[in-house]
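The letters A, B, C, D, E and F name the chains in turn, as written, and every chain counts its residues from 1.
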Amino acid sequence: MATSSYFLLFAILVLASWQATASDPILVNGFVCKDPKDVKAEDFFLAAKLDMPRDTKTNKVGSNVTLINVMRIPGLNTLGISLARIDYAPLGENPPHTHPRATEILTVLEGTLYVGFVTSNPDNKFLSKELNKGDVFVFPEGLIHFQFNPNPYKPAVAIAALSSQNPGAITIANAVFGSKPAISDDVLAKAFQVEKKTVDWLQAQFWADNQN
Amino acid sequence: MATSSYFLLFAILVLASWQATASDPILVNGFVCKDPKDVKAEDFFLAAKLDMPRDTKTNKVGSNVTLINVMRIPGLNTLGISLARIDYAPLGENPPHTHPRATEILTVLEGTLYVGFVTSNPDNKFLSKELNKGDVFVFPEGLIHFQFNPNPYKPAVAIAALSSQNPGAITIANAVFGSKPAISDDVLAKAFQVEKKTVDWLQAQFWADNQN
Amino acid sequence: MATSSYFLLFAILVLASWQATASDPILVNGFVCKDPKDVKAEDFFLAAKLDMPRDTKTNKVGSNVTLINVMRIPGLNTLGISLARIDYAPLGENPPHTHPRATEILTVLEGTLYVGFVTSNPDNKFLSKELNKGDVFVFPEGLIHFQFNPNPYKPAVAIAALSSQNPGAITIANAVFGSKPAISDDVLAKAFQVEKKTVDWLQAQFWADNQN
Amino acid sequence: MATSSYFLLFAILVLASWQATASDPILVNGFVCKDPKDVKAEDFFLAAKLDMPRDTKTNKVGSNVTLINVMRIPGLNTLGISLARIDYAPLGENPPHTHPRATEILTVLEGTLYVGFVTSNPDNKFLSKELNKGDVFVFPEGLIHFQFNPNPYKPAVAIAALSSQNPGAITIANAVFGSKPAISDDVLAKAFQVEKKTVDWLQAQFWADNQN
Amino acid sequence: MATSSYFLLFAILVLASWQATASDPILVNGFVCKDPKDVKAEDFFLAAKLDMPRDTKTNKVGSNVTLINVMRIPGLNTLGISLARIDYAPLGENPPHTHPRATEILTVLEGTLYVGFVTSNPDNKFLSKELNKGDVFVFPEGLIHFQFNPNPYKPAVAIAALSSQNPGAITIANAVFGSKPAISDDVLAKAFQVEKKTVDWLQAQFWADNQN
Amino acid sequence: MATSSYFLLFAILVLASWQATASDPILVNGFVCKDPKDVKAEDFFLAAKLDMPRDTKTNKVGSNVTLINVMRIPGLNTLGISLARIDYAPLGENPPHTHPRATEILTVLEGTLYVGFVTSNPDNKFLSKELNKGDVFVFPEGLIHFQFNPNPYKPAVAIAALSSQNPGAITIANAVFGSKPAISDDVLAKAFQVEKKTVDWLQAQFWADNQN
């Protein structure tokens, strides 16, 4: 590496630099990593329209998660954070799910939300709270949690932040009963203490993700 | 801190030391952290009898997880690993669960196991494999996974290692339908696309952990 | 440690547990760490009223940062995230500052904001953008950045998330010219290429933090 | 990056994603990182035959380490764990060594083992234990440790887990006396308080690794 | 990946390996990562001449920082440390700056230094000390700090170590008043409580980095 | 925790705060963690006299390591770095050793040094270099390394930095042959391919640490 030609990468914990002679883009964590001399404000920006209501009718649970992560803003790479707007139809919910790589902190912008999470084995303690506008709640990393809009007439809106640039999400019902291919009904029947035909019926439903 | 009296803590990433005058035990991560001059081999040892079969009849799923973590061996504190023996009755299973803080690598000691995990949204791809004695399989951190003994006559045994001194476990069915108190059946009925009475029936079952 | 009396700490990466016989509260990172059997939803909740406008007239820069961090929600401890509401008076600004331990991601709730940050030496490249309602912008960890409300008539509001439970903030002008005690004017005069009397004049001003 | 074409990487702490148009394989930490849509169960599987005895006669120390790490199971990449079977001939040993990047936890499957490790300077305290079948022992990261089969007639077998997908191993005698090229005998004679000819004699021996 | 052809990477926390068939150099964090069989002592060496005085007249602050980081020694990649020699002219200073990714520890080789740093909001406490030859001082990560040679006749020299292979540096005055392009004088005038023409005058000065 | 009484801890990655009512000192990693309002410059300072030669005659290897770590400067706690001066008598050496938790970067202040390290199994490649005044060399974390002064008449001096506030050191010969109690000569004789009486003789020598 020529010592006279180097490039400082701004603001990353896992530092990156690259050779002056490189003609191809460099990847860090699989994302393009630009020469600091070439970065633009646009690399850290998205006209995400997080102020605009989202359609909550495209799935059966009545919610819509708009996640702004490293796939949307390349400059987030290695920086360990992302942001989301969540819309809830009346009686809609963001169903029980986990983020395998992130804690979530949420505040209610509109309406009310009934929220909760369950602690690990062996306690499996359920902690819940009704949130009003302006309230803040924390869902610790990896725990099963949900938000539910208890109001039958009014929608609700929340802003959530997650402690990863790519937090991932696993909707429990979808992963268990809607995986491709399906998990053996022997396994699920015993785990959920139901008949195999109940599992089969569940696996025949349409399981759609609520993230756009 | 007197410079003439210090104590080197052996083998921890998050380093610890303490004052020579301290008469109380020192806690790191809440665990007692001993003066290196006082440590004994016993702090790193457990007569765990991992060679002995466990009872798989104490729960309905027919399995028994014996986890050797930092609660069992204090010297594991900060060291990021733990070990488990898992016994499976004929047709027994270690039901779908996640480890919020650990990846698992498993090898089969006796019998055969049908194992699998489901990837995150939106794919929820189910990857599975039948394992024979001596085979090795990996369950990535935070993903829902299970092991099932397909043999109706013979038990199975596995040794698993986890990448945390306290990996935690969340058995999906137990956390969702067996939490204390129960999650609202409104929330679960919509999430799992079933009637509320089905949720109520499920919540009335006995949900017991399979870890000893 | 008695194997029959242990406590699982929910959802932390740096795991903690403690002895059943402990009568005093346990501290992790200096914060009280509760027995999971004792945790309540309130430990993860704050009625923060983030929906309510804040007073932007208590300081000369015309802004007000309401930060919800681990000092406000104890359950955030070790979880690596915090949330803030920022109010801007007309022509108000959140002046140039750094977060020594966090990246920030921000979305505009009301009004417009002119935002920017400066890259490290030797480039010191200034990247800026005018943000409208719903836009999202990222300020990488440790870099000097600001937000300014260019509208002379209307206030602005933003929600920001930070990748630390205690991100810290260093307002550049305050730390340089308002430290207690003052930095030598010899040092500052040479660094900022001004006369010592200019430094003295600056140091005599009132430098007030804009965080509540 | 086209927002409409992205790929979620399952279960890694250092997240990775890549461009939809990429035709070449992507490397994370130098390993191929596959599109989640393309992953197969085989990426997380190895028919390692860990149930089968290994040959302990290929080296003078009478042991054989079969390590299942990221070079053997690509899906282990970034997941921070690996697994090993260790076979010991009668009176065989896994000689003093360190793992520069991992703690080890071990359980005895067959026979008995005399194990131990030495703490750091200045104490250099030697902690040892005789292990029977089913016992568990921990060797903290970076410390010199060994296992020895004290039985002159029967072999022994252990399963060990390590807290890295590529823990590395440094066999002390081999690194000190068997390096290529040899370390100066001036250096080693003074360090080990022996004559240079003794060092020369040692360096002339055959130093073979016991890992397959 | 062919299991019969693998390469062990020596001594990195974020492990790397690569395919035997790869003909192109592999990048980790953007730096070339060599096959261990090909590494040479030169990859970990630099004839840096840190014993030789540097020119302190190329900038107005009278100092010169010679940083030996991963751009100078490729083998430092992923290893989290760098080293610097700093020369100070009589009355010269290393002006107020931050390292966004590193703590600094410094010892004085020649002369005397007046050093200090400022804590975060809201205290902005200034801690300072006059250092003589052989004294050691620590500047915590991300905090604004400086060193000043108070002697009008004699130069000073320090050796500093930083806890990152690419610590980065942000000279406060340069980043605030010398950015390219300039920050709006509206923003800076309000932040620094000065007239816009004062800001304009400052921005017209020549702001040169003191790192070679 | 009363929201009106909190304490910001300056500059730590693992953040700490504590209750206003605490009358006892708080420990983080076992070290006293002070209220930021109470910190003094002295907490980050040591009059270490690193400019003064050390006695190299107190041990048989002819070297003396003066390490400035968190035991000497409490403010280093959690900051991940330490500094050392190493003195070498003519023909003296800092014998083969590892740092289980740190990489080392070294520069020569006086004299010349022959330095080297050995890579992991299976290569055990020895990389070495003769260093002159002002040269810089890197010893990667966990690898066995040494420095030797080849000059029979002149002493040598080096400054080294380590990537941990408590790097630890394991002198190979001392840990192997000078542990308390001694390692079984059966184990060492087989590992080092020598007679048991040779091991016994070695274990009877005086093995003294060279760190003050």
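Note that contacts are C-beta pairs under 8 Å (C-beta built on N, C-alpha and C of every residue); 3 or more make two chains touch, one makes a residue touch a chain.
Just so you know, these numbers come straight off a predicted model, no measurement behind them.
Chain D and chain F touch with mostly matching residues; of the residue numbers seen at this interface, over half occur in both copies.
When the contact pairs of B-D are set against those of D-F, E-F or C-E, over half line up by residue number only for E-F. Chain centres computed from CA atoms place D at the largest separation from chain C. Chain E has its Cα centroid 36 Å from the Cα centroid of chain D.
If each chain is reduced to the centroid of its CA atoms, chain A and chain C end up 23 Å from each other.
Shared contact sites, meaning residues of chain F that touch two or more other chains, fall at 8, 10-11, 13-14, 27, 100-101, 116, 120-123, 125, 128, 141-143, 168. Interface residues of chain A, counted against chain B in their complex, comprise 60-62, 91, 93, 95-101, 114, 116, 118, 120-126, 128, 141-144, 146, 148, 150, 168-184, 186-188, 190-194, 202, 205, 207, 209, 211.
Remark: chain B residues 8, 10-13, 36-37, 39-42, 44-52, 68, 73, 75-76, 79-83, 85, 103-105, 107-109, 116-117, 119-123, 125, 127-129, 131-143, 159, 161-163 touch chain D in the complex.
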